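What follows is a group of structures, each given as structure tokens.
Two complexes follow with chain A in common, the first pairing it with chain B and the second with chain C.
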Partner chain A sequence: MCADLTADLVVLGGGPAGGHAALAASGAGLDVVLVDEGAAPGGQVWRAPGVAVSNHAALGPDHRAGEALRAALTASKVRVLAGHRAWLLQAGFTVHAAAADGAARLQAPALLLAPGTTERVIPFPGWTLPGVMGLAGATALLKGNRMLPGRKVVVAGAGPLLVAVAASILKGGGTVAAVVDLGSMPEWLRGVPAMLGRPDLILRGLGWRALLLRHGVPYLTRHAVLRAEGDNGVASVTVAPVDGDGAFEPGGNARRFEVDALLVGHGLVPASEAARSLGARHLHVPALGGWVPELDGLGRSSIAGLYIAGDGAGVRGAAAAALAGAQAGLAVAHDLGRIDAARHTAEQAPLAARVARAARFGRAMAALVRIRPGLIAAIPPEATICRCEDVTRAEIEAAFDEGARQIGQLKAWTRCGMGPCQGRFCGPTIEALAAQRGIAAEAFGPMVARPPLRPMPIGTLTGDFDPAALTLPPSLPSS
Partner chain B sequence: MARATDAAPHGTADVAIVGGGIMGCSVALRLAEAGMRVVVIDRGGIGGGASGVNAGTLSLQIKRLSLMPYAIRAAEHWAEMSARLGADVKFRQSGGLNLAFTEAEEAQLVTDMTARREAGLPISFLDLPAARAREPGLSDHVRRASFCPLDGYSNPSLTGRAFRKALTARGVAMIEHDPVLGIEAGDGGYTLRLQSGNVRARRLVLAAGAWTRASVLQLGVDLPIGARVNQMMVTERAPALMNGVLGHISGLMSLKQSDNGTIIIGGGWQGEGAVGEPGRPVMDNLTNNLRFATLAMPALAPLRIVRTWYGYDGFVPDFLPVVGVLPWLREAYVIACVRGGYTIGPCMGDLLAASILGEEPALPLFDPARVATRVNTPVPA
Partner chain C sequence: MRIAAGVERGPAVTFSVDGVAVAGHIGETVGAALLAAGWRDLRSGPGGGGRGMFCAIGVCQECVVMADGVVREACRLPVRDGLVITTRRLRDVR
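Entry: the complex of A and B
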């Protein structure tokens, strides 16, 4: 069954940005449909707990923000289409989405994308072993299912998620063998002035650090994972000191931890594929996480009627995303003529100052997860870069040596990015490898975004059909 | 990668080839082997256009009857391609089936395939049990099939890389990611203006696929080349489901499982878009392409599509190739619109190269003059 819906605005993504965009637009009188992949809105940061989770009080402020958003959406006129995956976007706009029990086709003159991010993991030997998981994936397990990713874990990588995940593991009764941070204490301190605008987040961060101290968890700054090892899954993690560029210190003192899980993440990358599939102009901005859409200050893209908000438009954090969502939702209402310029200006005014402050905090966090060239250089030749298609660094370097200069060539020659993730995970690493050869991101290009936006079963796309009713287009001459 | 200014360090190249697809590269290979100084220019990477993004099916029986001799010669080129280029293009002569679902289709299958057999292509007719002996996953919809043992496939993604390597080894200068901005005739040759500088050559070969019309217009000649937007799809890796290539008498099916387990679904269903931009799906065509494929192979239904993509395929109104001398110009040639161009391209390129070298080609070319018109003013890019 294909449900046909029309609306003034379709919002894709029900996290902080998408949720607040839908609320703002709906509040201004628009008929809004909000589509989300999850069972309920909330997205990654404000994820809704699964049905098995009973002790909601233990879930913290992100959970409360998520509950508030979900309650507000329920009380609003926004039509929420949960459990739906948008897989094809067409100009004008038509959104094709699929759910477990059927398909939906949504049409609206305005489309707002709030796709969030993909986690960046810089490869190291053993990163594809079972038991190695992204920090974001671990967060989803912890928040959505209150499930520990392992009994004894190392948490490694960069950025503010490190302490958040480590603290959640401890609260859930797990053991953290070590937190391994690429950054140094001075780097964290450099971010402090920008963080002062968000004392709540600073306090929460300090609380997590105190918890780690109480549990005697070693916090290794300026360290990175050298390798993970194990037969059927990760059993040990070896870490070693790095310099400020992420290069392993020669003769540095390596340390080995016995674990049953390694949680690792090196920052977040805006999920730009949906916007790029529609042809929106993008720019490469490393400080915002990679390829980001060219937007005006209120989320308007280079395509009339297409709006983008939140971390999917550049990583600035959940607080900034919620505000940017509200800004974009109001802009849609204004552009569709539902609110006049005066009301629009008046309602945008209080948001502008808050979003600037929140974004400052987000930018300080982003600086901590900048790509460190030394860590890229340290990826050994035999390490897998594209895990879907098992492409190693050596194969990618051989293609560069033979003259590949664009991502499309790399993909064709090595199969990197051709698997189910369509390059969402390996793309940023390959881009960083190209950068090491002096190839500019703009010339190298992002992988062309091609539908489906998520892998789609053929049977879902065909639906039930009568073979006799299948009409064929005319054939070309055969003689 | 060469820049235009050092593409012909000793002055004028013997031949400049615009378009580094399978046509242009095949011409370049033969000319370079004959001792010519060749430069190949491409707006993208070598083999990055339709030659690199087609479905890779090398099916002879689905080619036009009038192209049969060319297709049969092309199969010989493909059989030695990896050895000749010194790089594996994953050519597999798997054999292929062409299917009929209805009574009318069966009658057409017998007529069309008998004609191809008479033209020299080995073809046998199979009932459903015999067809299932070759392809166990076939559905009950299949009434009859024709089998050709010469049918097969290769991996188009690797073809550009392989040609690039072979051409480099033969001293061909390759200028990539550098569109031709203008072409001028004069002084016993041609000057091509690129972003990176000028290239001079005594002879010119235009082999730019669906982009060829724009190139030819720069010389004051129009060829009425349109572009079809061919849709392809690929699944995630699957266990072994298929043995060879599958087609349908309508020409609207191209199915095969590649070495790595993915299943590639094509058949010339149309998307939309303008040459140079990524193609876009037409929803009904996307859905019906898949429906038609599952009619042949029901086991495809649970597999997930991970990617759709589009290749621009040039054509002229008679849907026959345009291969030969460009009228009104000296030593300018065109090679385009070869329907089933990935399969037949190596043969066509070889024939055109023979003609450029002053030899009598083994098979007749397809005179561009039949569709060419003179335009008063050359049209810049």
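Entry: the complex of A and C
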């Protein structure tokens, strides 16, 4: 069954950016449909708990921000289409979305994308073992299900999610064997001036660190995961010291921890495929996480009527995303002639300064998760790069040796990126491997974004179509 | 694995995985309920090795299972009473 909807604006993604874009546009008088794949808006950071939570205070400010957003959306005229995934976008704009029990086709003169990010995980031997999970995934389990990802875990990688995840596990009654951080204390301290605009976040971070200290959790800076091992799932994690470039120190003292989960993440990558599938111009900006759309200051893309906001347009954090969403929502209302230039200017004015301050904090965090070439170089030849198709680094390097210089060639020669995740997890690593050979990201290119933007059951495509109802032309008479 | 403090779980349900009964609560995902029951290995990778929930937000497709005969992401699929889950193993496709 396919529902047809029309609106002034369709917003894809109900996290901080999409939610606030929908509210701003609706507040300015637009008829808005907000599409989100979750059971309720909130996205990843402001995720709605699936289980009932009786002690909301224990869940912290992100949970409260999510509850506030959901309440505001309920009180607004925004039509929320939850549990729907957009799989095909067409110019003009038509959005095809699929749900577990049906489909929807939405039409609107303006489309606003707020797709968020996927997590970057730099491969190591054993990263495909069950029990190895992304930091964002761990957060989803903790927030959505109030479930520990493991009883005894190592938390590894880079950036602010490390302490956030470790602290949540301790609060939930789990054991953290160690936090393993690529960064060093001086690197964290370099970010402090940019963080001073957000004392609330500094305090929250310090609170997490204090909790780790109280539990006696070893915090290993300048360390990385050497390998994970186990038979049917991860049973141990070996970590070793690295230099500032991420390269393992020769003769460094490796340490082994016995665990039932390894939570690892090396930063976030903007989910640019929806915007690229429509042909919006993109730039490669490592400081913002990778490929990001070319935008004016208010979220307008290179395509008239297409707007993009939030971390999906460059990683700056949830606070900046919510403000950028509001900016873009107002810009849509202005561009569709619903509010005049004077009102538009007046309503945008207070947002600009706040978004700049919030983005400064986000950029300081982004510096911590920059790709470290030494860690990329240290990926062993036998390590799996593309999880979906089991393509190893040796196979990728062989394709480079044979002359592959573009991502499309690598896909054709090795099948990397051709599995069901559609290259979302191996893509950033392969790009980093290309960079090690001096191939510029612009020449190498992102993987071509093609529909369906997400895997979907074939039954959703065929809908109510019954092949038996086809009227076939009469066959040619046989002689 | 279930965090107890400050949480009121939904009604208890029972579903099955490869014929084994597993307990869950309304509001949980299949992936989370399986993790609590000790199931980390949810399918075979292309080389035969086990795979489990990895991104846990519906992107990586590592945790896909058959749910009442349809391929679904365990990390996003809500549990319900009587749901029949079968894991996808390499032996099934070779």
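Quick note on the criterion: the second predicted complex is superposed on the first by the 463 of 479 C-alpha atoms of A that agree within 3 Å, B and C clash if a C-alpha of one lies under 4 Å from a C-alpha of the other, contacts with A are read in each partner's own complex, and residues count from 1 in each chain.
Going forward, contacts are C-beta pairs under 8 Å (C-beta built on N, C-alpha and C of every residue); 3 or more make two chains touch, one makes a residue touch a chain.
Just so you know, these numbers come straight off a predicted model, no measurement behind them.
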Which of chain B and chain C A:173 touches, first, second, both or neither: second
Chain B versus chain C as contact partner of A:44, first or second or both or neither: second
Touched partner set for A:420, first chain B, second chain C, both or neither: both
First (chain B), second (chain C), both or neither touched by A:467: first
Which superposed partner A:148 touches (first chain B, second chain C, both, neither): second
First, second, both or neither for A:138, with chain B first and chain C second: second
Chain B versus chain C as contact partner of A:96, first or second or both or neither: first
Touching partner for A:455 - first (chain B), second (chain C), both, neither: both
Contacts on chain A seen with chain B and repeated with chain C across the two complexes: 389, 419-420, 455, 457
Residues of chain B that touch chain A when the two form their complex: 1, 44-45, 47-48, 52, 64-66, 101, 112, 115, 141, 157-158, 160-161, 164-165, 176-177, 234-237, 250-252, 260, 262, 268-270, 277-278, 280-281, 283, 285-288, 290-295, 300-309, 319, 339
Partner chain A, residues of chain C touching it in the complex: 1-10, 25, 27-29, 32, 35-36, 40-42, 45-47, 49-62, 64, 70-71, 75-76, 78
Contacting residues of chain A [partner chain B, same complex]: 88, 90, 96, 279, 389, 399, 402-406, 408-409, 411-413, 415, 418-420, 422, 443, 448, 450-452, 455-459, 461-463, 465, 467, 470-473, 475-479
For the chain A and chain C complex, residues of the former touching the latter: 37, 39, 44, 49-55, 58-59, 118-119, 128-134, 136-138, 140-142, 144-151, 172-173, 232-233, 260, 387-390, 419-421, 424-425, 454-455, 457
